[in-house]
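Scrolling down, you'll hit the structures one after another.
What follows is a pair of complexes built around chain A, which joins chain B in one and chain C in the other.
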Partner chain A sequence: MSELSTTSNSPLPIKERIILFARNNMGLISTLISILAIGLALLIGGILIAIAGINPWEAITYLIKGSFGNRYGFGETLTRFVPLLFCSLSFAIAHKSGFFNVGAEGQLLMGAVGAVLVGAYIDGLHPVLHVLLCIIAGIIFGAVWAGIAGFLKIFLSSDELINTMMLNYVAILLVDYLIHGPIKPPESYLYVSATILPSAKLPIILSKSPLHLGFIISLLVTAAVFYLIYRTPIGYQMRAVGANRRAASYAGINIVWATIVALITTGGLAGMGGAMELMGTQFKIVNGFSAGYGFDGIGVAVMGRYNPIGILLAALLFAVIRVGMGAMQRGAGVPFPLLNVIQGLIIVFVIASGYLTNKLSETVIGGRA
Partner chain B sequence: MMSEEIFLSFRNIRKSFPGVVALDDISLDIYKGQIHALLGENGAGKSTLMNVLYGLYHQDSGEIFLSGEKYEHNTPKNAIRHGVGMIHQHFMLIPNFTVLENIILGQPSPKPPKLEKEYFRNEILKVAKKFGITVDLDLLVEEISVGMQQKIEILKALYKGAELLILDEPTSVLTPQESQELFKMLTELNKKGTTIIFISHKLKEVMQISDNISVLRDGKLIATVKKSETTPHELSRLMVGREIITQYDKAEAKTGEDILILDAITLEDHHNQHRHLLKNVSFKVSQGEIVGIAGVDENGQKELAEIISGLRKPTSGKISMFGKDVTHCTTRQLIEMGMSYIPADRRNQGLVLDFKISENAILETHYQKPFTKGLSLQRKVIDKFANELIQEYDVRTPSINVPVKNLSGGNQQKVIVGREFMKKNHFLLVMQPTWGLDVGAIEYVHQKLLEAREKGVTILLISTDLEEVRKLSDRILVIYEGEIVGEVDSSTDIEEIGLLMAGSHKH
Partner chain C sequence: MDAAWMTTIVTWLTMSIRMSIPLLFPSLGGLISQKAGVFNFGLEGMMLCGAYFGYYGSYVTGSPWIGLLLGMISGGLLGLLLAFTSIHLRVSQLVTGLGIGVFSLGITGYLFRLIGISTATSAATLFSNVNFGELSSIPIFGEIFLSHNWMVYAGFVLVILIAWFFFHTTPGLNFRAVGENPQVADTAGVNVIVNRYLAVVVSGILASMGGAFLTLTQTAYFTENISAGRGWIAISAIVLGKFNPWGVLLACLLFGAADAAQMQIQVMNLGIPYQFLLMTPYILAMLAMVGFVGKVRSPAAMGKPYVKH
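The block that comes next holds the complex of A and B.
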C-alpha cells in the first residue's frame, strides 16, 4: 500500500489536479456551494417578487437594512437567533443519538411555561438566582415533555416521530388552556399569562436594541453541547447508541441510560430556548408565543449539517430571513405568502446543495462505502 | 469447457482512496466459461476490483473490456445489462418478503400496473430448471437458511441474465456442508457456460473448484497461475510473501481453578415456550485452557455467547465467573471483571461502522483511565492507543481517522481482535475470531490466542470452523440443537466430531 504522493513534481493532468484540490478543500467548497445556493434562491425569489409587480432591488434593500442595516434591526436579528439556535441544537443532539425529535416546538412552549411559573410567581429572589431558577425550570419542563415521548419509545417502542409531533399539538392546546385561566392574571382582559417579575428578566446587552444576555448564553451552550457530544464519555455513548445500538450494547454501554441523557438534553435545550425567549424578549406567554422556532430548528440543523459552525451560520441566516422579511413586508409591501415561498426556496436549495456536496465528495474520494 | 475466448479483461486499472492505492495498474484476463479465483491478503484490493467492475466505484484510470468491447459507464444497472451478476458478501434480500417477491423486486412487470406474479413465477422456474436449482418460491426469506439465501441470490442474478457471476467470500457465512453444496452448484453452472469469479481466503476451496488463480498483494497483481500447476503452499507464499505455519506446537495446558462454570443453563424461545434454544447446558472452563465449542451454525452458539456475556438472561440456570455468581451481572460489569468478547458478526455487533478506527478502539473502555480524565475524553491518549493497535495488529489503513466502514472486511476484524487483546483480560469469549481473515492474519490471531493461554488466560472458543477448533482447543464440546452432546479431545478424528455435530447421538 504505497502512500499517495500529493507533492510529486511531475505535472499532473488537469483533471487529477482538480480532484486533488477538491479533496484537500472540501470544507471551503461546500461553503461556497451553500452560498451559491442561497444566492440562487434569492435570485428566483427576486424574479417572483418582480412578477408580483414589486421592485426586487427595493425589496432586497429592505431585507438587508431591516435585518442588520441598523442597530435595532441587528439586535432583533440576533434575538431571533437565540430560540432558533436552541431548537436546532435540540434536534441535532437527538439526531446524533439516534432519536428523531420533531417536538422542539412543544418542548419550547413547555419550557416557557416552566419559566413563567418561576419567573412570575416566586418573588423576592436575587436577580441572578431568579434567572438561574427560571432557566432550570425551563430545562426541566422541556426535558419532561421530551421524556414522555422517550418513555413511550423505550418501554412501548412506539415511534418517537409521531409521539413528539403529537406532543407539539398537546403543548399548544395546553398552553392555550393555561392562558385562558390558570396562569392568566385575573385583572387582564387579554388571554395572556402573568408577566415575569423584573428580577427574572435577562438584561439587555446592546443598548437601544432588544438584544439580551440570552445571545451570549446561547453561544456558550452551543460550545457546551458539542463538547458534551464529542469530548465526554456520555456523549460518546450517545453517539455510539445512535450509530449502532447493538454494537453499543455488546460493548457494555447502558443503552437506556444513554437514551435518557439524550432525551434530557434534547428536551432541555428546547425548553431552555423557550425560557430565553420568555425572559429576554416576550416576558409573558401569548397565543402564538413561538413563531414556529421548533420547526425552523429542524431546517437549521439539517442546513447546518449537524456541525457547530454550520448550525450557527444557518441559525443566523434563518434569523436574518425572518427579521428581514418582516421589513420587506412592511417597507416594500411584499405579500407574506410570497415571503414564505422565498424562505422555503432557500431551505430547499441549501439542503439540495448539501446533497450535491455529498455526491461531490463521494466522487472525489472515490465512491460509496 | 476450457475455451480460449476472453470474456472480461482489465487493462491497467488504477484506483486510489485517500492515502491508499487500492489497485495499482491491474491487468487481468478472465476466460469465458472458467472459474477464476482471486486470492490475496486482507486489503489487497480484491473487493475493490470487483466493485469497479460492478460499478460501485470508478477506476481512476485504465479500461475494462467485456467480450472484446470496451465497457464504459460502469454502473450496477449497466453491469447487469452486460451480464455481470454480483453476489455480495452481505445479502441484499428483504426478510419478510417471499423468495419470489425478492427475485422480482425491481423487475418491470410485463403488464403494468399489475404485478403478474404468476408470469414471473413461470419465468423464474424456467431459469431454475435450466440451471438445475431447486427452490421453493413461496417461503419467506427469514425462514430459510443462509445457504439457501445465497442460492436465491445466485438465482436472482441468473434470472437477470448473468453470464458472469462474482462471488465475494461466499463461503465465509456457510457451514462446511453448505459450502460443498455451493461448489456443486457452481460447478454445475460452470458446465452450462457461466463464467465465475470467486474470492476466498480458503486455499482448499480455491484448489477445489477453480481453473485459474490470480493473486493480489498491496493492490498489485502478483501472479496468475493454473490450478493444475500450483500447490496451496506456493499460493500462500505468493499471497503473504513468506511461509505460513499451519500446525502449532502447543504445550500441555497448565490448568488452574475453574474460571467459568455454567450450571444447567436453559433458555426458552420467546415466541414458542415449548422450544428450547438452550437445554440444560453445563460445563466448566479452567484457567489456562482453551475449550472449543464445535457445532453447525444456528445450534444455539449465538444464544450461549449472549448469555455468557450478560447480554441475555437465561430462563433458568446459574453462571459463575472468577468464583462469583454472575447470572445477573450486566455486560459492563463482566467486562470490568476481565471478560473480553469477540462477537461473530463484526459489522452489527463488534463495530460501529460510522465511527473512526480510533473511536472503535475504545468502545468498551472509553470511560476508563487513561482514555477519560475528569469529564473529558483524552484525544491524544486515544489516538496513541489506536496507532499502537493498527501497528501491532497490522490493520492496513492510511490513518486511524478512517471510518471503519471503509476498511476491508479482514481489516475490520483485526480492529476488533486488537481491541479485545490489548485490554486487560482474564477470560476471552471468542466467536469465529478469524472470519474473513487471510492466512497470514489467521496464523497471527491463532498465535495470539495461544500466547494468551500460555499467560494463563481462560478461553472459550466458539467456531463453526472445525479445523480451527481442533487446532486450538484443549477440549472440545459439541453443541447440537442447544444441547451439549459430547466432549472429545482435540486429537479426535474429524469425522467423529462431524457426526456428533450432525446429531448422531440421537440415533
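The block that comes next holds the complex of A and C.
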C-alpha cells in the first residue's frame, strides 16, 4: 500500500494546472472572452430597450423569431450574411496587407453600379454568362474605386484611411446623382436605377425564402481569399508588407505590386458584395442601397479576429442581429439604430478584450498571442 | 463691381467663417490628442453625440448653455473611453475610434427616434449673435466679422490659447514631448499617462462642441448623421495645417470657404447637379492629404502606446 503514496504521479499544484490548461486552450479562451464581450454589448442593448419602456424579453422574442424562427426569416438572415461577409473579407485582407480600407461602403455601392450597368443594359446573353459579366463588372468598379485611394497612397504617399472614408461620401453622392438622371428609367417617377434583366438575377436556392445563389458563392470566395493570403507566394508577400513594410522591402519584396494586388482584392471583394446584393436581393439601386454594410464589415472582421472561421461566425451573428432588429422594430417598436449601438459596442468591447488575451498569453507563454 | 456681386462676396466671406467653426473645434481637438501621441479617430462620433445631446438639452430646458454642457459631457465621456482603451489597454486606436463612430451613430439615432418629436414643434433654442452695438453696422467689416454667435469667437480665441500653450509654456512643451518621445519625457519627470488622458478627454470635449455648434447655432434641429463626415475632414485639416494651431485655423477657413462657396452656387442654380457641389468638401479633404503643401512631419510617437520600462 505504501507504494501508492509515492510522489511520482501526484497532481501538479493548482496554479500550474491552470496555466497548463490555458496554454493548451488559448483559442477557446479568446473565443470565450469574445462571447463575453458580445454578451455585454447585448446586455447594454437590453437596458436601452428597457429604458424605452419596452419589455426586453418580448423584444428578444421578436429578434429570435424574425431572424431564424421561420423559413423566410432564416433565408433573409443568410441573405444579409452575404454582403456582410464580402465587406468583412475586404477589410480583413486589406488589414493583413497593411492597407486600412474603411471604404467598403463606397466600393460596394460602386460595385452595384457596375453590375446594374451590365445587368440592365446588355440584353440577349445566356444567364450564366450575364451573371458572370455582372460580377466581373462589380469587381472592376469596386477595385477602381479602392484604386483611387491606392494610387494616392502608392504614388503620393497620402494616407488611405481618410481617403477611403472620403470616397464613401463621394460614392454615396455620385450614386444619388446617377439615380436622379443617368441610370434612372425615363418612365419612373421614383429616384431609382433601372432594374436588371431576369437573365442577370441570381437564382433562389431555398424556396419560399429570399435566399439566393450568392450565399454559396460567398462561401467559395471566402475559401479562395484565405487560400490566396495563406497558401500563395503573393499572399505571403502581402502579409509580409502588412507585418513590416521596411523588412519586406529589405527582403526584396515588390511592395508596389503586393499593394496593388491587395487593393484589387479589397476593392474587388466589396464591389462583388455590391453586385451580389443587387443581383440576388434588390435588383435595382435605390437611395440607401447599402445600409451600412461596409462599416458593419469592419466590425465583423474585428470580431472574427481576421480568421476565416471567426469571420464566418461573426458575419452570421451580425446578420442575425440585423434581421432581428428589423423584426423588433416592426413588432415591438424598438428604433432600428439600436443595431449600430450594439455593433459599435461589440467593436469596442472585442478590441478592448484583446488586452485580456494578450495579458493572458504573456503570463502563460511569455509572449503576445 | 456691381452691388449684387458685392453682396454675394460679403455673404460668402461671412458664411466661410461660420462654416469653418464646426471643423475648427474637432480639428483643434484632434490636434491636441495627436500632439500628445494618441490618434483620435472617434472625432466623428464625438461630434454626433455633441450635436444630439446639445440639441436635446436645449430643446428640453430651453437653454442652449445646458445643451452645450450636456453635449460636452457626452464628448468627454467618449474621450475617456478612447483614452482608457488606447492608453491603458493599448489596443488599436483606429478600431476603437471606428467603434465609437458606429456606436454614436446608433445611440443618437436611437434616442432621437425614441423621443419621436416631430420637427415642426421641436426646435432647440439657439445661441443668439453677439451684440456689438453700433460697430456691427460698419459696412462690410461689420457683416463679415461682427455678425456671429459667441462660439465663433471662442473658436478663434482657442487657436490663440492653444498656440500660446504649445509654444510658450513649460506644460505645453512637456505636453508635446509626450507625443514626440514619451521615454525621455518620462525620465524628465513628465507624467505621460496623465498628459495623454487629459489630451484625449479635452479632444472629445472639443469635438462635441463642434457638433453642438451645428445644432445650437445653425439648424436648431437634429438629423441622423448630421455631422456628415466633418470629424474625418478635421483629421485632414490637421495634416493640411501641418500640426500647427495657426495652420489648422487656415485649413479650416479654406474648407469653410469651399463649403460656403458650394452652398452659394447651389442657391444660384447654375445647373450643376447639387450632388457634385456637395462632394467638394470631401474631395478637397482628399487633395489636402496628398500633401501638395510639402512634406508634413507628424509627432514621432503618434499612435504608439506607451509602455513604461
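Here is the rule we use: the second predicted complex is superposed on the first by the 345 of 369 C-alpha atoms of A that agree within 3 Å, B and C clash if a C-alpha of one lies under 4 Å from a C-alpha of the other, contacts with A are read in each partner's own complex, and residues count from 1 in each chain.
Definition applied: a residue touches a chain if its C-beta (ideal position, glycine included) is under 8 Å from a C-beta of that chain, and two chains touch if they have at least 3 such contacts.
All values reported here derive from a predicted model rather than from experimental measurement.
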Check your understanding: Is A:Ala240 touching the first partner chain B, the second partner chain C, both, or neither of them?
Key -> first
Review point. Of the partners chain B and chain C, which touch A:Arg231 in the superposed model: first, second, both, neither?
Key: first
Point to revise | Which of chain B and chain C A:Ala146 touches, first, second, both or neither | key: neither
Review point. Taking the superposition as given, does A:Pro337 touch the first partner, chain B, the second, chain C, both, or neither?
Key: second
Exercise for review: Examine A:Leu42 and indicate which partner it touches, taking first as chain B and second as chain C; both and neither are also allowed.
Suggested key: neither
Check your understanding: Does the superposition put A:Leu345 against chain B (first), chain C (second), both, or neither?
Key -> second
Point to revise | chain C versus chain B, contacts on chain A by residue | key: C
Check your understanding: For A:Ile162, is the partner it touches chain B (first), chain C (second), both, or none of the two (neither)?
Key -> second
Review point. Which bits of chain B are touching chain A when the two form their complex?
Key: 15-21, 24, 43, 51, 56-58, 60, 218-219, 309, 311, 330-332, 334-335, 341, 343, 348-355, 359, 363-364, 366-367, 372, 375-377, 379, 396, 398, 403, 405-406
**Study point:** Residues of chain C defined as touching chain A within the complex
**Key:** 41, 45, 81, 85, 89-92, 94-96, 98-110, 113-114, 224, 228-229, 232-233, 235-236, 239, 273, 275-276, 278-279, 282-283, 285-286, 289-291
Point to revise | chain A residues within the chain C interface of the complex | key: 48, 52, 100, 102, 152, 156-159, 161-163, 165-167, 169-170, 173-174, 176-177, 180-181, 295, 298-299, 302, 335-348, 351-352, 354-355
Revision key, fill the gap. Note: in the complex, chain A contacts chain B through residues 1-4, 16, 23, 227, 231-233, 236-237, 239-240, 243-244, 246-254, 363, 365-369
